[in-house]
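One structure is given here, and the rest of the page talks about it.
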Amino acid sequence: MKQWNVYLSGEIHSDWREQIKKQVSSQNLPIVFTSPVTDHELSDDCGLKILGSENDKFWHDHKGAKINTIRTKIAIKNADIVIVRFGDKYKQWNAAFDAGFATALNKSLIIMHNDDHQHALKEVDAAALAVTKNVEEVVNILKYTIDGKL
Amino acid sequence: MKQWNVYLSGEIHSDWREQIKKQVSSQNLPIVFTSPVTDHELSDDCGLKILGSENDKFWHDHKGAKINTIRTKIAIKNADIVIVRFGDKYKQWNAAFDAGFATALNKSLIIMHNDDHQHALKEVDAAALAVTKNVEEVVNILKYTIDGKL
Amino acid sequence: MKQWNVYLSGEIHSDWREQIKKQVSSQNLPIVFTSPVTDHELSDDCGLKILGSENDKFWHDHKGAKINTIRTKIAIKNADIVIVRFGDKYKQWNAAFDAGFATALNKSLIIMHNDDHQHALKEVDAAALAVTKNVEEVVNILKYTIDGKL
Amino acid sequence: MKQWNVYLSGEIHSDWREQIKKQVSSQNLPIVFTSPVTDHELSDDCGLKILGSENDKFWHDHKGAKINTIRTKIAIKNADIVIVRFGDKYKQWNAAFDAGFATALNKSLIIMHNDDHQHALKEVDAAALAVTKNVEEVVNILKYTIDGKL
Amino acid sequence: MKQWNVYLSGEIHSDWREQIKKQVSSQNLPIVFTSPVTDHELSDDCGLKILGSENDKFWHDHKGAKINTIRTKIAIKNADIVIVRFGDKYKQWNAAFDAGFATALNKSLIIMHNDDHQHALKEVDAAALAVTKNVEEVVNILKYTIDGKL
Amino acid sequence: MKQWNVYLSGEIHSDWREQIKKQVSSQNLPIVFTSPVTDHELSDDCGLKILGSENDKFWHDHKGAKINTIRTKIAIKNADIVIVRFGDKYKQWNAAFDAGFATALNKSLIIMHNDDHQHALKEVDAAALAVTKNVEEVVNILKYTIDGKL
Amino acid sequence: MKQWNVYLSGEIHSDWREQIKKQVSSQNLPIVFTSPVTDHELSDDCGLKILGSENDKFWHDHKGAKINTIRTKIAIKNADIVIVRFGDKYKQWNAAFDAGFATALNKSLIIMHNDDHQHALKEVDAAALAVTKNVEEVVNILKYTIDGKL
Amino acid sequence: MKQWNVYLSGEIHSDWREQIKKQVSSQNLPIVFTSPVTDHELSDDCGLKILGSENDKFWHDHKGAKINTIRTKIAIKNADIVIVRFGDKYKQWNAAFDAGFATALNKSLIIMHNDDHQHALKEVDAAALAVTKNVEEVVNILKYTIDGKL
């Protein structure tokens, strides 16, 4: 049976990825999920820890961001579906960047956010094939897309 | 003489585009600038004004955002250089989306923002060929890139 | 042994897909078939059922059509061969859309229709590598293409 | 000033193209329009007239459709914007084919049709950046896209 | 007015290119024609004359063929339409190579040959949008494609 | 272990494919070979046998050539290496077409022919990464490429 | 579990590839490594040994370099990550060529070199997602990228 | 008349670009030349001068190299022909990088170097359509390619 590759981009401060995986698993959907590194501290400091410290915060972040890009670029390029969740906190510009990157690669894009962000995300939503509010909607779309039933 | 196409994405609440154009003009650089529609109200309501009103705010925004995409997608695809400015206000997710879209199309990307946004923009900065803080730096890069001197 | 990916687009009101699968199975051809969701009612209402109701029929259909696109776009992009059948009923513009989409992606295209539609489908037929009238012809082409014999 | 390339696909039995051109001209928009050959009889018989007659109607149409494809494929590939109008008559599968072809090439797509066709065109509409009902809406979108005002 | 780029590949031992150019000129069609170097001796010896002699005939030909490829690859990549003529003499494998190269780049392909070569060219003809027998047919296709009338 | 996909294009009137497969098998190289249909009569008549007869030889051949293209286009697109052999008989324009098609798709191309065809094939040879004279050379290249030793 | 394809380009006179493979193996990372032929003498003489000798050193090298390209081009095209090491000896232009080739194909690029080469490699480093000094750093990046932890 | 875009990459410590331009000008060839910034000191320090100083030499070079990439990436993407000259001094890895980048974009590549570098450049030469030793050979190739005569 074909395996579907789904990349889970965006918010790393809630357990939405685990919820999706749990529900998908209980439905026996043949999905391989990928995601960015979701350990916030490690993600911020991977450059320092692997390649050494920098005096300048910009270069500290630059090295880490590029190392993280190795994983995320490959994951998006290999994905059938890219799901991007915008949470309540932080600027989350990397999530919007991923959505733009996935759009230019003609990936099937699903966006998750609550109503508070609706207006600010209108351009991102306009590029998506579905705009969802919660995990249940996402899982139902995955089930419907893969199984053809609900 | 070759004309360079430069797309100016992002913040629409300051006059940074006009400043760039003015300085570029005084330097006689052969650049054709494009930009999104920068009239905020019109940009928000173009869907309503052209295609009629919607009861639901989501669809109101959706129609408008898609119409705006006609202009922005063509501009980015035709651009040699994409400059994205992150200002002080709003979420500006469309700016980050444009940066991701331009990156996947292998455009030369220049980012503008002040130090406050440095950490939050690290993934976007990591995709750029230059990270700048003000109009002077941008214009100097354009001059250096086109004329080969400063 | 290599598996061939074949997408079956178009008419959903007859059992042509099942006939093809049955004959292909009896010939032991290594084909994985994909298709749009062929439950007409569910396909029309998937947006409503997953993401909630809309007052406006246009947006009702819009949400559903986009969700269906997640499945169909991935299937066509992954297909080696795209088979599009035009039946007797309905406008079937989505079938012609799929044929155009597949052509631009340089997929091997096979069209099925009876003689009544010949003139109206001439531009679509002109993009195809085979124009067929029934399941037997399609299966013979698949057998010949994969096995190299009849 | 940049010239915009706009391809006008679809219905050839009303004067919608001339109306668009007239209004665009009065607005001084820098657009170069392209279109399929709109002389219905000539379009049907170009194969016969240029390459000689065929006994079989299928090949008669096949030769003509391929010659017409030379013009339409080049026009769509060179277009910034593709506008596809579905009229009241005929199957118009070539119009839907063009919409699919343009979508896979990532063109900015605008669809025109009246309410009668709304449900049947939902998949095509879902790929568009604007769904319009008349010439005025199309021209306003072109004006807004090019001039950034209404 | 738009200029059309047409590449004339294949036979270099008759004056078919000049005939096409003459007829196209008298019809005022806005076409820029490109072609390989048609001076047979110079084409064979350009490697020798520019880069020096080789003892081995294979490398003599290799150097020349590569230099000729600079011109032909650029011309085909820039062409809207590629016309390939197969004459009566020689193997003309470079002509068939050009047809395959142009096909993979999704160019609009027109083939010219007389009936003697029909069976041997069936695969090449199958990739073409028109198969013609003489200059008049080619010019009529160009006129019809560009002007939309005959 | 990775499997290598190698397409064997060209001459169908000698047993060169079987020789290559036999030697490759004895070397335990992990190669999956694909090829066009090498039953000459069936290849010529597949259109007739599957889709019915034609009065006109051109269309007889056209239908068959297009059906054969389904197999060959998929095989070349999926190939890592394309090997094209030019034999002593026939025009073999389809072989040169395949070489051009593979070149535009940036495949690794190996050509086989004897010295008699050297000058006529110079443009085709110029696009190849190796020009070989016999099965032994081809197999050694495959072994060296895959195993990194001889 | 997904397998990652990593191409190891560059220096062939130290055992850095074996060190990476050994450490990766002890970490149980699911990586398939590819590399150029690292037997220097065989790599230089493969053209001669397979296709026969040449009097001219240029053509001797040319034949060999092209045969080596069959392997390296396929490996880079199939790679998720391309690692290029610049050692202390030789010009290593092929390593820099591989880095440029991989960059244009949008591969994730990691560069290895010691401080002596820092200035001379600045353009190559600027295209990389990580610039490393030793095997440990490379392996940590691979581990972090694949496992998401250190 | 068509203008040809030729990018002159590589050595910046001799006047080879000026010699080519002078000879091309005297031959009236319609070529627009582009090149990297050839002021060595300015090229090294552009990052510092535009974006401010860095304590760390690596980041000093990194900023400058990326700014230079804006110009060089655009120039190579827009070029019909890329000419890369390897001189006597320095490592010139950026030149080899450009050659690899241009090759992956399927540009027509011409290499210039003297005999001393022949063996070390064999992989780069193997990707080129011509390997030249001096300005005269380059200009003759340009003249032959554009004018079709010598």
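Labels A, B, C, D, E, F, G and H are assigned to the chains in the order they are written; within every chain, residues are numbered from 1.
Assume contacts are C-beta pairs under 8 Å (C-beta built on N, C-alpha and C of every residue); 3 or more make two chains touch, one makes a residue touch a chain.
Note that this is a predicted model, so its numbers are computed, not measured.
Peer 1: Using the contact definition stated above, find the chains touching both chain B and chain G.
Peer 2: A, H
Peer 1: Equivalent interface to A-C, which of D-F, B-D or B-C, with over half of contact pairs matching by residue number?
Peer 2: B-D
Peer 1: If you take the mean of the Cα atoms for each chain, which one ends up farthest from chain G?
Peer 2: The most distant chain relative to chain G turns out to be D.
Peer 1: How many angstrom lie between the CA centroids of chain D and chain G, rounded to a whole number?
Peer 2: Taking the mean C-alpha position of each chain, the two centres sit 49 Å apart.
Peer 1: Taking each chain's centre as the mean of its CA atoms, how far is chain A from chain F in angstrom?
Peer 2: It comes to 43 Å between the two C-alpha centres.
Peer 1: In whole angstrom, how far does the Cα centroid of chain A sit from the Cα centroid of chain D?
Peer 2: Centres of chain A and chain D (C-alpha means) sit 37 Å apart.
Peer 1: Going by the touch rule set out above, which residues of chain C reach two or more other chains?
Peer 2: 66, 69, 106, 131
Peer 1: What residues on chain D touch chain F, complex-wise?
Peer 2: Residue list for chain D touching chain F: 54-56, 59.
Peer 1: Which of the residues in chain F come into contact with chain E in the complex?
Peer 2: Residues 57-58, 61-62, 64-66, 68-69, 86, 90-105, 117-127, 131 of chain F touch chain E in their complex.
Peer 1: Which residues of chain B touch chain H once you look at their complex with the stated criterion?
Peer 2: It comes out as residues 2, 4, 80-81, 106, 108, 110, 128-132, 137, 140-141, 144-146, 148-150.
Peer 1: Show me the residue ranges of chain H that touch chain B in the complex, using the header's touch definition.
Peer 2: 32, 37-39, 42, 46, 49-51, 63, 66-67, 69-71, 73-74, 77
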